[in-house]
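Both complexes below contain chain A, partnered by chain B and then by chain C.
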Partner chain A sequence: MSGLLARRLVALPFVLLGAALLIFLLPRMAGVDTVRSVLRSRVAEAEPDPEVAARVTAELGLDRSWLEQFLRWLGHALTGDLGISFATRTPIAPQLGAALEVSAVLAAGALLVAGLVGIPLGVWAARRPGGLADRAVTGFSVLGVAVPEFVLAPVLVLLLAIAVPLLPATGWGTPAQAVLPVLTLAAFPTALAAQLTRAETLDALGRPHVAVALAKGIGGAQLIWRHGARLALTGVTALSGMFFAGLLGGAVVVEVAFGIPGLGRLLYDAVVGQDLPMLQSGLLAVVAVAVLAGVAAELLQLALDPVARSEAET
Partner chain B sequence: MPTTPRRLLAVVALVGLLGGCGGTAATGDPVPDGELRVAAQFAPRSGYAMDTDDAFVVAQVGSSEALVRAGSDGTPQPGLATSWRQDGASWTFQLRPGVTFHDGTPLTPSAVVTALTWVAGVAAPPRAIKGIGLRATETGPDAVTVTTAAPDPILPLRLSSVNTAILAPSAYTGGPPSVIGTGTGPMRLVAAQGNQEAVLERNDSYWGGRPQIAKATVRFITDPAARALALRAGDVEIAQGLPESALLEFTPGNGYADQTVAAPRTVSLMLNQKGAFADVRVRQAVEKALDRTALAEQALAGSALPASELYGPAVAWGSQDPPAGPDPQGARELLAQAGSPQLTVRLQTYPNRPELPTLATAVQGMLREVGIDAQIQIGEYGPQEPQLLAGDYDMFLLSRNYLTDVPDTGSTLVSDYSCAGSYNINQYCSPEYDALLAPLATTTDPAGRQAVFRAAAARLTADVVGVPLVHSQENAVTKGVAGFVVDPLAKQLITPELTRAG
Partner chain C sequence: MRRVLVALAVLLLVAAFLPVDALTTNLADRFAGPSLAHPLGTDNLGRDVLARLVAGTRLSVWFTLLAVLICAVVGTLLGLLAGYAGGAVGQLLQRVLDVLVAVPTVIVGLVVAAVREPGPATLLIAVLLTGWTPFARLAYQLTLRERAREYVEGAVALGAGPGRITLVHILPNAVRPLTAHACLRFANVLLSLAGLSFLGLGAQPPTPEWGAMLAEGRQYLFAAPQLVLLPAVAVVGVALLVTVLGRRLEGRWSGR
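Now for the complex of A and B:
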């Protein structure tokens, strides 16, 4: 396991460097006039004077070559200086840190709900394939996957903030304000976790060692939890790393619907406003978290699954 | 556990029953020292930088003020300055006595000079004062003289721009000025949490009288449906910019008050006069083909007003008349006379104003009736702009605010329609029109200027320089609030008169 960790950590800088290069180049290849976008908040639709545009271009450092811009940005980023936002003209690090914190809470909350609800549901469904519980869980899973967040969010608000006024409809900062966004965000991973757990549990129950367990007289819930669900957990765990990174930067709809100042909204605003330093730093942070979460999930999977562990060691 | 699903079902059923009902509180007696929560439509995007459109947010929440206020009739009114007089290229402003900033320091000529010098010196000066060579100097103990490169007849109106707000000298310490606790308005900004919310407390020493509201929280919720839900859930008392469909839910019977006012914004169909629409008969045919009343009342479900010309009821010089009805037969005859009975053109627009794609589809249908095949292309505005300004397009659906900063549309008439205009998308050039605008360079009197605006708009209508389709509207819905007025210029939201009502 330590060998795997070492291999992943050695690869990490190269992955981040490749990602940084792509993240730097892609917005510049889109053909959008960055200076014009930055100036839109100052001059609206009117064409800016060429001398003003030139002055702002120089001020933002966009008059240098791409290579020089990239190396300067990378050099500063390596020393922890993420630069100044084109939009707010204030340091990026505090804004990015605050947004990351919000999104991490959202994503972790959603994954926690997915694990606590999805896995037991999947095991419950696998106990009797085709039974009432199985059909109910499958129906729930289909809904969870099919209903988009922009529909689920207002439905939850109608239910739990208006019809039965238990929770606030919008905002961020109190535990109560986190409930509805977390539930909205958790629907998809919960549905997926339930189906994955169901399939893995059924598969595990059909394996020879479970047949042996049955021969030993171990049965019922104990059999399912010790020999089936534990194996199913490994698949869910492997997926959770990917989900965490996806939820971190991809919760734009939920963040907009509930007025949450998270990373998804920050990145969306950066794309619209061509705030390149913010976009670059935000995306790089997402990639870094994705890689680290992937490694963590892989390690956890190895800890849970002896077969995978022995395969990794050979 | 059979009861749990039943309870869930009961909750689901309740949504249907209660979903359409709001609260029952009606607007009643003022509640002293109340707290107010607002769902604002537009969030600050530039860190509350006063040289950007974020200055509108700072003004709306009642924190900042400028030397001059803009009256609803388009005239300059006293603000932090009580009077002013012109002497050639200089205007002298007499400062209001007894005004203090939120940090406790007094309003002085030096503070005004610091603020105006900063905003005039930024890399990209705001629209209202761009390119006029503004300089400010102290003139005695309670006056400031503002000089421009050439005599400027509307300098007081320019200084009503939110970008020219005067903050305390402590705000200007290098970098973007801090707006926390540095304004002069009725509410003191005490916390600004990015683009999530702003928290304000009453300015007890406000020069315009003690504000009724003790504390206000402004949440920036950019999604209109989320604003409507926040109001229904009781999270806020005021919600700006709700969708027309949502307004039906907020009835007076449920304790809500809806205010809808005409905004100084027009959606126009721009027609390239250096391309497919060089012939005025083809432009007239387009005008006759379009049913602007149907566009406003059916396509946009009444959320806009039909436009008969560039300016609408939002301004004193705007037209109050309904547009002429459609005349498809007349349109076909004009196209035949112009030798283009069948025409295929591109109809471009952009999606970040949701009404534009809807209008494009409706316009396409109306044009098809007269033999014009308009092929819709929707893309982001930014990449299309160079093509538009270069005249490489056929038709473009554009939403344009003609009073972005000051209640004077002279600069828009020049930039958008004069031969040398920097934003002349229609590619229109008429020496007669340019001559019409000439008096604007010297006319100070608002009535005289508004007469020019009317004449210019009439000329543009006669020459069919694009087709104004609809005028946008602004709305806000309140509950448990008194003294609230929607400002079509988006400069005021929280005022000293605003109060909670129970």
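Now for the complex of A and C:
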């Protein structure tokens, strides 16, 4: 196995371990006294009793070497024990699971919109470069990249919840409440998908196999979709890292702006509330999701692209 | 058209030095409409909205410029280095970039804010940690491309060393694409910085900053939507302006 997937898989353990170590070291970088934070989260006492502090230190294993602490922490995290939140004083794992579920729905909705709208727009624009459709799509994609989520969210609320009261402005749980957040989050990936699909389709249409198809008398929609767009899709999935970064960063803003209890909101609340165990767990989840998304994108690319597949087999 | 764009960009840079009063509050004059004294009205504390927008260019536009410049210099140097060294060093850079490109600036900002106090320095660190990567990638690719050209072969034949070839021969040929790219990145960094300030991780009240103004105005969305719309227009307008400028430079310099 050569190619992208193999290289990624080789780098993967190092990336994961490095990320986990950075996340583990976060409280130290923040200069947080863990024992004090833990005690303060359990009993509302400003100055802890030194005897109690020493006992908690031993209990948490904070008197051992950092490597030992790291391995213990990692082991706990891998077995699903993420510790207890400073803020809610309840186990983190169920809260994180619920947040992940919410964010997954939000992200899936946005990606669905991006795929169903962005990719056809890109192909449509590529059919006649410089034409009216092309210019409209290019204009839309420039706008979609230049209008950030924190602008789009209040503007959509103003238009569709206040000026024309069609949809609820905040909250989560009903399908109607999901419409505005999904649209807000979808704007960037949709614009990006349209832009990339257009460029990739144009590139694909210039390849020799398309000339052969033309010579064989294949034209119109079949040529564009079977020979152009399919190749373009592989290029788009290859850039999934960009989509992912945009989606996750956007999710924080969207979830805060619309009051949605997802992963982005969880991270934000953890930072604002100085809830470091929660922040660490949220970040671990982000890394895990990023890695899974990366591998899924590679596999999708292998499924779509015969060239990459033959490279991977040799 | 290009002159208009350049003139607007210069105007934006100059605006930061205009002596405007963005902080004086006047509770008797809250949510005022446009008038001669306040051309764009006043906000929830009776402060002049135009003055706040103009003063906001300091943190929004100048700060972005600073961040992009640092990212461009650091990223370009690393890219040139890796491109010239090639082999294992190039591979290592590629792998690092593969990881960093998928890290959203907002998340980095959250983490940095957890470690430090929120504030402009926190913003700068967050943007620098991820912002150099696109420049490094582009500089790396450009170096590989230019290295294969005849003029580099000629310079090697004349006895030029790696440092001289990179700085004197390759870098000048990479400056134009990198400049065009910097314009496109400017919009991205501007939006990241404003987004972090929107989340309350950057500029703290009462400092005028577009993202923070937008966040504050959101509480009055029903009664005074202009408090959200005006900073929104400023952020999107500047992002579009610089993006269009960058695209034109790119098109012009690539000879299309």
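Definition applied: the second predicted complex is superposed on the first by the 245 of 314 C-alpha atoms of A that agree within 3 Å, B and C clash if a C-alpha of one lies under 4 Å from a C-alpha of the other, contacts with A are read in each partner's own complex, and residues count from 1 in each chain.
We adopt the following convention: a residue touches a chain if its C-beta (ideal position, glycine included) is under 8 Å from a C-beta of that chain, and two chains touch if they have at least 3 such contacts.
In this text, all values refer to a predicted model and were calculated from it rather than measured experimentally.
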{"item": "Touched partner set for A:267, first chain B, second chain C, both or neither", "value": "second"}
{"item": "Touching partner for A:164 - first (chain B), second (chain C), both, neither", "value": "first"}
{"item": "Chain B versus chain C as contact partner of A:106, first or second or both or neither", "value": "neither"}
{"item": "Touching partner for A:246 - first (chain B), second (chain C), both, neither", "value": "second"}
{"item": "Contacts of A:149 with chain B and chain C, given as first, second, both or neither", "value": "second"}
{"item": "Touching partner for A:290 - first (chain B), second (chain C), both, neither", "value": "second"}
{"item": "Which of chain B and chain C A:256 touches, first, second, both or neither", "value": "both"}
{"item": "First, second, both or neither for A:52, with chain B first and chain C second", "value": "first"}
{"item": "Partner chain(s) touched by A:126 [first = chain B, second = chain C, both, neither]", "value": "neither"}
{"item": "Residues of chain A at both interfaces, chain B in one complex, chain C in the other", "value": "154, 157-158, 162, 256-257"}
{"item": "Chain C partner contacts - residues on chain A that touch it in the complex", "value": "7-8, 11, 15, 26, 29-30, 142-143, 145-151, 154-155, 157-158, 162, 241-242, 244-246, 248-250, 252-253, 256-257, 267-268, 270-272, 274, 276, 279, 283, 286, 290, 294"}
{"item": "Partner chain A, residues of chain B touching it in the complex", "value": "11-12, 14-15, 17-19, 39, 45-47, 49, 51-54, 123-127, 130-131, 175-176, 193-197, 219-223, 225-226, 229-230, 232-235, 380, 382-383, 385-386, 389, 400-401, 404, 415, 422-423"}
{"item": "Residue ranges of chain C in contact with chain A within the complex", "value": "95, 98-99, 101-107, 110-111, 113-116, 187, 191-192, 194-195, 198-201, 211, 214-215, 217-218, 221-222, 225, 228-229, 232, 235-236, 239-240, 243-244, 247"}
{"item": "Contact set on chain A toward chain B in their complex", "value": "31-33, 36-37, 39-49, 52, 55-56, 59, 85, 87-90, 95, 98, 153-154, 157-159, 161-165, 168-172, 256-261, 265, 269, 273"}
